[in-house]
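For reference, chains read A, B, C and D in written order, and residue numbers begin at 1 within each chain.
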Amino acid sequence: MTVKVSIIGATGYTGAELVRILHRHPEVELMALTTRSYAGLPLHKVYPHLYKYNQITCEEMNLAKIFDISDVVFVALPHGHAMPVALEAARRGKKMIDLGADFRFSDYQVYEKWYKVEHEARKLLGEAVYALPEVNRDEIKGAWLIANPGCYPTSAILALAPLLKQKFVDTGSIIVDSKSGVSGAGRGLSLGTHFCEVNDNFKAYNVATHRHTPEIEQGLGRIAGEDITITFTPHLLPITRGILSTVYAKLSVSAGAEEIREMYLDYYKDEFFVRVLPAGLLPQTKWVAGTNHCDISVTVDARTGRVIVISAIDNLVKGASGQAVQNMNIICGLPEDTALAGPGLYP
Amino acid sequence: MTVKVSIIGATGYTGAELVRILHRHPEVELMALTTRSYAGLPLHKVYPHLYKYNQITCEEMNLAKIFDISDVVFVALPHGHAMPVALEAARRGKKMIDLGADFRFSDYQVYEKWYKVEHEARKLLGEAVYALPEVNRDEIKGAWLIANPGCYPTSAILALAPLLKQKFVDTGSIIVDSKSGVSGAGRGLSLGTHFCEVNDNFKAYNVATHRHTPEIEQGLGRIAGEDITITFTPHLLPITRGILSTVYAKLSVSAGAEEIREMYLDYYKDEFFVRVLPAGLLPQTKWVAGTNHCDISVTVDARTGRVIVISAIDNLVKGASGQAVQNMNIICGLPEDTALAGPGLYP
Amino acid sequence: MTVKVSIIGATGYTGAELVRILHRHPEVELMALTTRSYAGLPLHKVYPHLYKYNQITCEEMNLAKIFDISDVVFVALPHGHAMPVALEAARRGKKMIDLGADFRFSDYQVYEKWYKVEHEARKLLGEAVYALPEVNRDEIKGAWLIANPGCYPTSAILALAPLLKQKFVDTGSIIVDSKSGVSGAGRGLSLGTHFCEVNDNFKAYNVATHRHTPEIEQGLGRIAGEDITITFTPHLLPITRGILSTVYAKLSVSAGAEEIREMYLDYYKDEFFVRVLPAGLLPQTKWVAGTNHCDISVTVDARTGRVIVISAIDNLVKGASGQAVQNMNIICGLPEDTALAGPGLYP
Amino acid sequence: MTVKVSIIGATGYTGAELVRILHRHPEVELMALTTRSYAGLPLHKVYPHLYKYNQITCEEMNLAKIFDISDVVFVALPHGHAMPVALEAARRGKKMIDLGADFRFSDYQVYEKWYKVEHEARKLLGEAVYALPEVNRDEIKGAWLIANPGCYPTSAILALAPLLKQKFVDTGSIIVDSKSGVSGAGRGLSLGTHFCEVNDNFKAYNVATHRHTPEIEQGLGRIAGEDITITFTPHLLPITRGILSTVYAKLSVSAGAEEIREMYLDYYKDEFFVRVLPAGLLPQTKWVAGTNHCDISVTVDARTGRVIVISAIDNLVKGASGQAVQNMNIICGLPEDTALAGPGLYP
């Protein structure tokens, strides 16, 4: 079986990462790559690390043509641009995986409030599935419209899911302090991603206002079965790939680190991509660089009754393109780790 | 007036930074530099950035000789090594500024518990002053034995002092999530500071067990007038200099960000080295690199009732050698900013 | 005596670096800062590291006003924009220091060929002085129009001047292999300075076509008294500040490293800013970061008869703004190292 | 067919990289991993990026046992330690691939002069093959003792091979200016690889004295059919992986860049791992990171009659462990790119 795949927005970092991963996929045929900036250029001129591997010439987006030739379409565009694509996919009965935010919220009002954009495809929100396989795999299996989770939410929700499922923590006490590499901001130019402004430097940004906040809250709330409000602080690391989230919560039960670690091991026992680290090891972003893994450690601060969970992912893989391929594998009935297994590059 | 100064442990990073700063000091004469590893070498062979500036040859430590020729002795040694120096200083009636932890705790039992070392100079603890000028300048003025604060505690205490002084927060709710550059670990070799293990990487370490925890708690407790227990998580940034602390606390009063910022501006109104940033700006470590400044921002997360204070310092300057010179200026009756004022190097 | 100074193009990196340096200058009063992008903003909002130090509000360029209030005007604009400023300075009889390329070539045809711009102030080229103090200080003293050297040429010419002056090398054999930090490309946005494209990466660029080539050749030719053609290859380092040039030439005389080093020591014996390193030390960019120094080492490859000279500068200081202030000091009759002496920040 | 493989010195960076690559190899069974420092620990405790992938416990080296169970033994030890292993391999009739320098020189005197070690297995030098597949594949096929090339020599010889083969250049004019990432120095601790000493810094080292010089000369000489002496200058980049070599030579024929590029394309037309880049592209180390590729560009400086060839490799892959697996594939009769094909990680 071969899945015919196209990528809309192929020349951003998540688009190029999809190409890299799909190149290793034995069941995928790459059909078309669209771009706003580089139409007419072979992709390997835009990304020479793909030289000798990819011969496709980028083209401007033509939805009719794309859907004619594709079984699955990945959309790697800024938020607000995936809605017309989804409407077309619905008309055609094709599968679509959106790496942006347009279909992540079941409540369009939350989307419109945080993203300052009107939702033009509200009727599809009921069909879209927010797809974090380790949390709701069964729901994903039958979906045609996949809302691929954001990078920060992936790291935060995987860190907290067992605690919330088992009701170990006070849900009002959650703080997520996250640190991300610069590739999370994409390949677009801005002073904030200029080398000299980031190198050998560190800062927080969008404190208490980042758009991933309601996405994390929605994800956690579904697991806990109640509304949850959190404090979320993103920071910018002078590294290219990786998110490390340090998550704090008050324990509502009496439990030690080892007991909680066992609970995590049990919760994730069938999950290849989540690695609950052996006691004594704390995640490092480089241990997961280039992989679809999420590494997790659990510590208890007995002096204050808090649990401190640390998770690390590669924002471009498990936080974007890798998870998108994982979801594609699921909805296409392929082995979930196809093109995704393997240790990362260290050092 | 000329202050005769020697440095014990001059070839570590804090020692070399003392030399750099004191070179700009018009009232200081540098007398002797001691070292365990490089005795007999001119300092500029150990640190060629000082070539043409420093002609002193490093020597092994000889306490009698050092105190014979010095008015003030800086001690930049690992913890456990400053106690005999302080006993000698006491005998001689000389001033001493310890950049390590040996005299930071009024309760020797806290020191012995966290540092796993017996305290050999308990009788001096009553005379030592934990010296954070922006918090207890008056107490510092008459001191002869200065315990220079640790880098993380400096960043955390300056971030929280106004909130605690004004009793704006629930003292049981404090979380300090700190990120430090690698120079905080010193020049000694370890796998954890090997370039390839740190570069393009990020991790937490010593979660819930770092020795700066009780120091922060002691400092906060004195301001609040009550015992305080916090959660403290240090992380290692792939940068050379800088600490950024993201501090969380539950507001116990109803106050907005602007009101709290005004309160900070008032609290620090006479403090040249603390810069409460204009609304809209968040600290970056590079803005304070090479300076004795502590930059601070205040944000309120109205959705959760938390205040988020962010502080940035250069760990080698305000977090170590700069603050040590600031304290020297105070105890010697010199203008406090001598050798310390001036904008940093950016970018 | 107070020199009234303005900066045209103050919000680029070299402009901000001028402000940082001039802040330390006891004889300078900063009058006006112009900018195309940030007019109306206080400079410390554009560069918060200057907060509490600089209160000046940036303004759009008004040449008449600038020259009314200034004795010396620094021009930190892209090439092609300094010519009208110089014409105005000539009319007013004011001093001007251009950090760009417009007045670096005595032959306007060379400028026009390499920079693809017509020269609009050819008549001033005879009055402009290419000002590398360690090479032609006497010529600089009386000048009103200073062409401040480029960053690569400064590093290359200082590396080669003694060899050419003493005719130790075959002038047809010179290769300059240079590596620069990213700040040399300025604060303007481009894919080539995007953090993710530079971090943990390395490349050459503009091989055999870089515009600094004829500038180096002109500078070397004046010292040698003959036309010189070189091969010059620039590379981009994933660092913020610093240029290291590795310079190769065939020895035309029989001489060992120590003999040549002595010759360098003699050539630069009165030059505070050039540090010919002790034998056994090779320059590192960080040893000169934030300083106006040029560090130099000399090695002889006896097996091949080549001399290898390595020089390191901070591209924003000795390679731009520091040298500009050095030149200002010279033309204003001030001590040449004012605001410029002092060791750099290490590590 | 399954090849049973062991690694002596598995816990250094090249050893761990062998494990990473061999994990992808369908025809290899990993038998034993030896180490001096971590015996008794599972490898994934030493390198947690391998967690869930590698379950082998490291052990101390026992040559008898290793050769009992292995068809091929990789030796990733410092120079001087592979000779007894080779003698044992010879006795047993097993294959061995040495990643160090012990068997790279056909003339033991060159080895002893540059490495300051006596050669204890001179009789094997005639059987050892210096194995750079793109240069001498046929010779490699029948070998049992492989001397895997050094990282700098791989980058330099691949850059120059076509020019020397075609006699396009003056062989006395060759200069190799190389820049390497820090992983080339291994995982051992030294001040020179301490993060703070390397980060945001750049330097040359071992100028005109590096041990890879005679290895490059031997490799070039064999291709040219004459003795060649070069100037070689290594530099240390603040990056983890990657070598970029900028190679200069005087053209001895009249040829333009495009003609020479065509000649390179022809020379390497059957070589998958060498990518002669399209005109206009210059190599970047990150484009080959994690891959076995060597990217090459050719530029002609018509003004000086020099050709400038730039090559980029990943020092741990094509410069060490990847090339070692490539050689293993050749001597075992497996497809040469097994476990080695695939685009790298960018950005």
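Criterion: a residue touches a chain if its C-beta (ideal position, glycine included) is under 8 Å from a C-beta of that chain, and two chains touch if they have at least 3 such contacts.
What you are looking at is a predicted structure, and each value in this text was computed from that prediction instead of being measured.
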Per Cα centroids, the chain farthest from chain B: D
Between A-C and B-C, the pair joined by more C-beta contacts: B-C
Equivalent of A-D within the choices B-C, A-B or B-D, defined by over half of its residue contact pairs recurring: B-C
Distance between the centres, which are taken as Cα means, of chain D and chain C, whole angstrom: 39
Chain centre separation in whole Å, for chain C relative to chain B (CA means): 37
Chain A and chain C: spacing of chain centres that average the CA atoms, whole Å: 46
Contacts with 2+ other chains: residues of chain B: 13, 183, 196-197, 199-200, 238-241, 284, 286, 289, 347
Footprint of chain C on chain A - complex, ascending: 13, 182-183, 187, 189-191, 193-200, 238-240
In the complex with chain C, residue positions of chain D that touch it: 172, 175, 177, 179, 196-197, 199-205, 207-208, 229-231, 233, 235, 237-242, 244, 246, 248, 282-286, 289, 297, 299-304, 306, 308, 310, 312, 347
Contacting residues of chain D [partner chain A, same complex]: 13, 16, 20, 23-24, 45, 47-54, 183, 199-200, 240-241, 272, 275, 277-278, 281, 284, 286-291, 293, 295, 342-347
